[in-house]
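Here come two complexes built around chain A, the first alongside chain B, the second alongside chain C.
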Partner chain A sequence: MKEWNRLGQNRAARMDRAASLARGKLVAPGDTGALLARVIEPGDRVCIEGNNQKQADFLAKALAALDPADVRDLHIVQSVLALPSHLDVFEKGVASKLDFSFSGPQAARLARLLSSGQLRIGAIHTYLELFGRYFTDLTPRVSLVCAAAADRNGNLYTGGNTEDTPVIVEATAFRRGIVIAQVNEIVDTVPRVDIPGDWVDFVVQSPKPHYIEPLFTRDPAQISEIQVLMAMMAIKGIYAEYGVKRLNHGIGFDTAAIELLLPTYAESLGMRGRIATHWALNPHPALIPAIEAGFVESVHSFGSELGMEGYIRARPDVFFTGPDGSMRSNRALSQTAGLYACDMFIGSTLQIDLAGNSSTATLGRIAGFGGAPNMGSDARGRRHGTEPWLRAGREAGQDGFRGRKLVVQMVETFREHMAPAFVDRLDAWELAEQANLDLPPVMIYGDDVTHILTEEGIANLLLCRTPEEREQAIRGVAGYTPVGLARDKRAVENLRDRGVIRRPADIGIDPKLATRDLLAAKSMKDLVRASGGLYDPPAKFRSW
Partner chain B sequence: MTSWLESTARERVAGLLDAGSFTEFVPPEARLTSPHLAQLNQPAAFDDGVAVGRGMLNDEPVLIAAQEGAFMGGAVGEVHGAKITGLLERALAERIPVLLLLESGGVRLHEANAGLIAVSEIMRAILALRGAGVPVIVLNGGRVGVFGGMGIATCLCDLLIMSEDARLGLSGPEVIETTMGVEEFDAADRALVWRVTGGKNRAIMGEAVLVADDIAAFRAAIRLDPVPLDVEAEHALLGARLDRFGGMEDALDIWADLGIENPARVPLLDTDAFHAAIRGKTA
Partner chain C sequence: MERLEYEFDGGAPVAPRNRPTLTGVLGSGNLEVLVEPADLGGRVRVEVQTAAVGFGAIWQAVLSDVFARWQVGDIRVSINDAGATPAVVALRLDQALSDHTGGGA
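For the complex of A and B:
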């Protein structure tokens, strides 16, 4: 007779082994290591909640402190590797295989561990791809998640940074896995239930509040006049041109400059209400002036941002908030919005090749991707029409009726230390060979990129009809980089005549007028003032 | 209102002096660049990062120098220093007051001894002016602040006008942290850095006149009267200050000791409210 509940029986055995450590669902912090050793079995697939911002740091450290004699060969499935402990598990031999999305701060160490054979990488995913695999072939057996507070029944309150928690818990709990949560505090009643208690098996109160990174804060004082010029070009040459209302902004000073030019420059073009009304975006402090000026109707977020809590609470018409007043974010759903319900993604990159492929991977660093690849890709299954989407489809000369998402890569031709942003070959290819990856870690595929914007101009790749035209359009905005200098001048002038390449003058922008005076806020203090004192920036961003 | 912080060195000069009155000495057209930077393959500036010249302030003649913080953090190299020293020596010969619009991390390390000598020549020239009763006024409102040898030079002058965004110090915060440890001074704690080195603390310590970040406010605070230099009294003052505050960990402790109410609020106050809060309670 076939056994149909082996997962349930295995779960019961694990729960039995751990029962003596728990009072109800509560486990003392000092027993965390013992708990993990009893519920995790060698070879398990384990998900550590590592988000873009919120980190299950206490549980991650406890896992890394386990004895490989008891627990080994774990397969870690985790969206973001942000902390040293996330890699300690591999160095110590507790885990051996990794499937992930992003490893920014740990990218160099990850590359070293890989080359020394201490871990194998399954794949580097986009967020939605990894979350999708949580529900197919990479379902976690044990998940270590993170919340702001829990009650004694295990109901979790995540606060503004819900991020990945619902996806991880849902995949684990409904396939008879085990969910362990670290929380900052145990309370009688949580302000709201983000994760129902019967999906959570154990709760540990962390000795210190979980680590959280203010990843999306950019100090306006550091925005350059080149970035102001590029923001003007983006607003007039793309946002206003296509009438883009629903969008996502990548992280960085380039897009912060756009956000700070909405209430000034875009307003002067009469664009309030006509562009940038609905956002899939973390609550960027740089968006405050645009919100206050009435540009923004709604913002749904992947995660929250430190210091924005009070402002968000006071603007419930704009942000998605719970009945308790605090933000409810959700990475999977906001990514879905970015993929299917936004008409434009605009963001920066480190390298662009002659086919328009763009990558943030550089030699010796396996950084993976953030939110860009899902949002910076055309959703080929999309069915609803909007003007910018339909126009982009017409420009691409696609047969018939389908539109295209606008995917804009915005880069200065030279990056820090005079490294050219335009290259003949992405470092990603060499990295793929070194790391034995199935495919190079390209962040945005060239055939998804519709526009490349530099200080020299905007290349509209939708209007290019051959790979040769595309190459010259890219060279034509690549400035004084070797790639730019190797342009065919006649071909580039021809593309400019056809409107494929547009210089600032072609769209009626005088670079001399691109000054920091256009920024709606020039400092962190200006942002606080714009928020009416509601924004409370973290210490590292304040000089007061 | 025009922000001093956001302006370039030449914009500050133009905004500060009577309209159209500035005549630059050794202007960029002269292309007097640093010989040291060229040897090191470093980018040069045609003015070596400082504009010097003559102009009028409320119809009174002044000599003026303005360091450009955007070029190598306003660091003083051989040419840069010589331009300032030359200006100061001319002020002594012609007995004309000097405005120093400083923004500098100190000596330009690329130029090593030449930069150090240049800064010491600036100091000597300032002291000569003090001795002759020709006033030298420092205006400090740039992003870099004023540190290193230029910080010392600043303390030799008759009058210091600062905004709250500006800083004044000897060693920069990162240098202190590197040499003395993060326990001594956490350079990443920006609020601490500004509490200690920023314009507000300098005003409370009696070292500076605090003005809003506005070129017109800087202009209005300028007094072209010489302040007699009494070195012994100055030493006594500094000694007493060390005795009273030397054991304290943070500017907040000093402010509380001076009887300023709610010291933690001081950094948030705008300029007018700040002056009201510290009236009669400065060191």
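For the complex of A and C:
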């Protein structure tokens, strides 16, 4: 007779082995290693909750401290590798295979471990793609998650940084897996229930509060005049032009400059209420002046941001908050909003090739790409019309049949140390060969990119009708890089006449007026002031 | 450090009584530009002192575009550069020439 509940029986055996370590669901911090050794079996798929920000750091360290004689060959399925312990598991031989999305802080070490054969990479995913696989072929057997607080029944309160927790727990708990949570404190009653207790098997109070990274804070003092110029071009040449209301911004100074120009430059163009009203965005401090100026109607977030808690709590009409007043973020749902319900993604990159393919992969670093490939792609399943989406579709020659998402790559032609942002061949190709990846880690495919914006101009790729035109449109905004200098000047002037390339002067912008005086906040202190004292920046961003 | 020198055919000579003007600051990724009148037979002479070595061809391209835009002559331009990108160089030169001549290109 066929056995239909092997997963349940296996789960019961694991729970039996661990039973003597727990009182109810609570396990003493000192017993964490023993708990992991008893519930994890060799070859398991394990998810360590590694978000962009909130990290299950105590459980990650405990996992890395296990003896590979007991636990080995784990397959780690984890969105973000942010901490050294996330790679220690491979160096120690506890784990051997990895499927992930983003590894920015650990990118160089990941590349070294891969080349020394200490780990194999299944694939580098976008967030939604990895989450999708949690519910198909990469369901975790054991998940180590992270929350702000738990009660004795295992109900979890995640705080503002809910991030990936709901997705991880749902995939694991409903397939008879085991969920272990580290929490900062055990309380009688949690402020709100983010994860129901009967989905959680064990709770460990971490000796130290979990690590959290202020990843989205950019000090306005570091925004350059060129970034102000490019922000003016974006606002007048794209946001106002298409009437973009629903959008996502990538992380960085380029987009922070746009956020800080909304209450000043965009206001002077009469754009309040007409652009940038609904956002899929982490609570960037740089958005405070625009919110205060009445530009922003709503913000749904992937995660939260350190220091923004008090401000968010005081602006419930703008942010998604629980009955307790604190933010409820959710990476999977905000990514879905970014994919299907935003008309534009705009963000920076490191390299763009002649077809418009864009990549942040550079030699010796395997960084992955998080959410950008998802937000920065046309959702071909989308079926609702909005003016910017329909207009982009018309420009692409899809008259009335389907629209297009605006996907804007915004780069200064040279990065720091005179590294050109435009290249004949992406480093991603060489990286794919070195790391034996199935495909080069391209962040945004050229056929999804609609506009490239540099200090030299805006190239509207929707209007290009041949690959040759597209190449000249890209060269035509590539400045003094080798790619830009090799332009066909006549072809570029022709594209300019047709409005495919638009210089600052063509959209009525005088570069000499691009000064830092246009920034609604010029320093962290200005942001605090704009928030009425509600924003409380982390110490590293304070100079006072 | 690298020292580069360029000369361009000028346009209309700037008034010799214009005072020397200094624009910009020598911070990382930035540059300072000194513009002064000089009797150069209508030409423009540019001296670049730069922290980034090996970008002579890019300087040539940026400067030719700037002086094609600004038809000025009889000036000496001295640039002290701390690794500014071409975009910053062009912007700063536009500001410097505007400051010096009291007008736009």
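The rule we apply is simple: the second predicted complex is superposed on the first by the 542 of 544 C-alpha atoms of A that agree within 3 Å, B and C clash if a C-alpha of one lies under 4 Å from a C-alpha of the other, contacts with A are read in each partner's own complex, and residues count from 1 in each chain.
Here is the rule we go by: a contact is a pair of C-beta atoms (placed from the backbone, for glycine too) under 8 Å apart; a residue touches a chain by one contact, two chains touch by 3 or more.
It should be emphasised that the depicted structure is a prediction, and the values quoted were computed from it without experimental measurement.
Once chain A is used to superpose the two complexes, chain B occupies space that clashes with chain C.
When the shared chain is aligned, no partner comes close enough to touch A:A314: not chain B, not chain C. Using the contact criterion defined above for the overlaid structures, shared-chain residue A:K522 touches chain B, although it does not reach chain C. Of the two partner chains placed around the shared chain by superposition, neither chain B nor chain C is touched by A:A293. In the superposed pair of complexes, A:I226 makes contact with chain C only, with no contact to chain B.
Look at A:E455: by the touch rule set out above, it reaches chain C but stays clear of chain B. Judged by the touch definition given at the top, the superposed model places A:P511 against chain C, while chain B stays out of reach.
Legend: residue contacts after superposition of the two complexes on their common chain; A:A108 is shown touching neither chain B nor chain C.
Number of chain A residues touched is higher for C, counting chain B against chain C.
Applying the stated contact rule after C-alpha superposition, one finds that A:L390 touches neither chain B nor chain C. Partner chain A is touched in their complex by these residues of chain B: 3, 6, 143, 165, 188-191, 193-194, 198, 267-268. Residue ranges on chain A touching chain B, taken from their complex, read 221, 516-517, 522, 539-544.
For chain C in complex with chain A, the residues that touch the partner chain are 29, 52, 55, 58, 61-62, 83, 85-88, 91, 94-95, 98, 104.
Here chain A touches chain C in the complex through residues 224-226, 229, 412-414, 416-418, 455-456, 479-480, 485, 511-512, 514, going by the rule given at the top.
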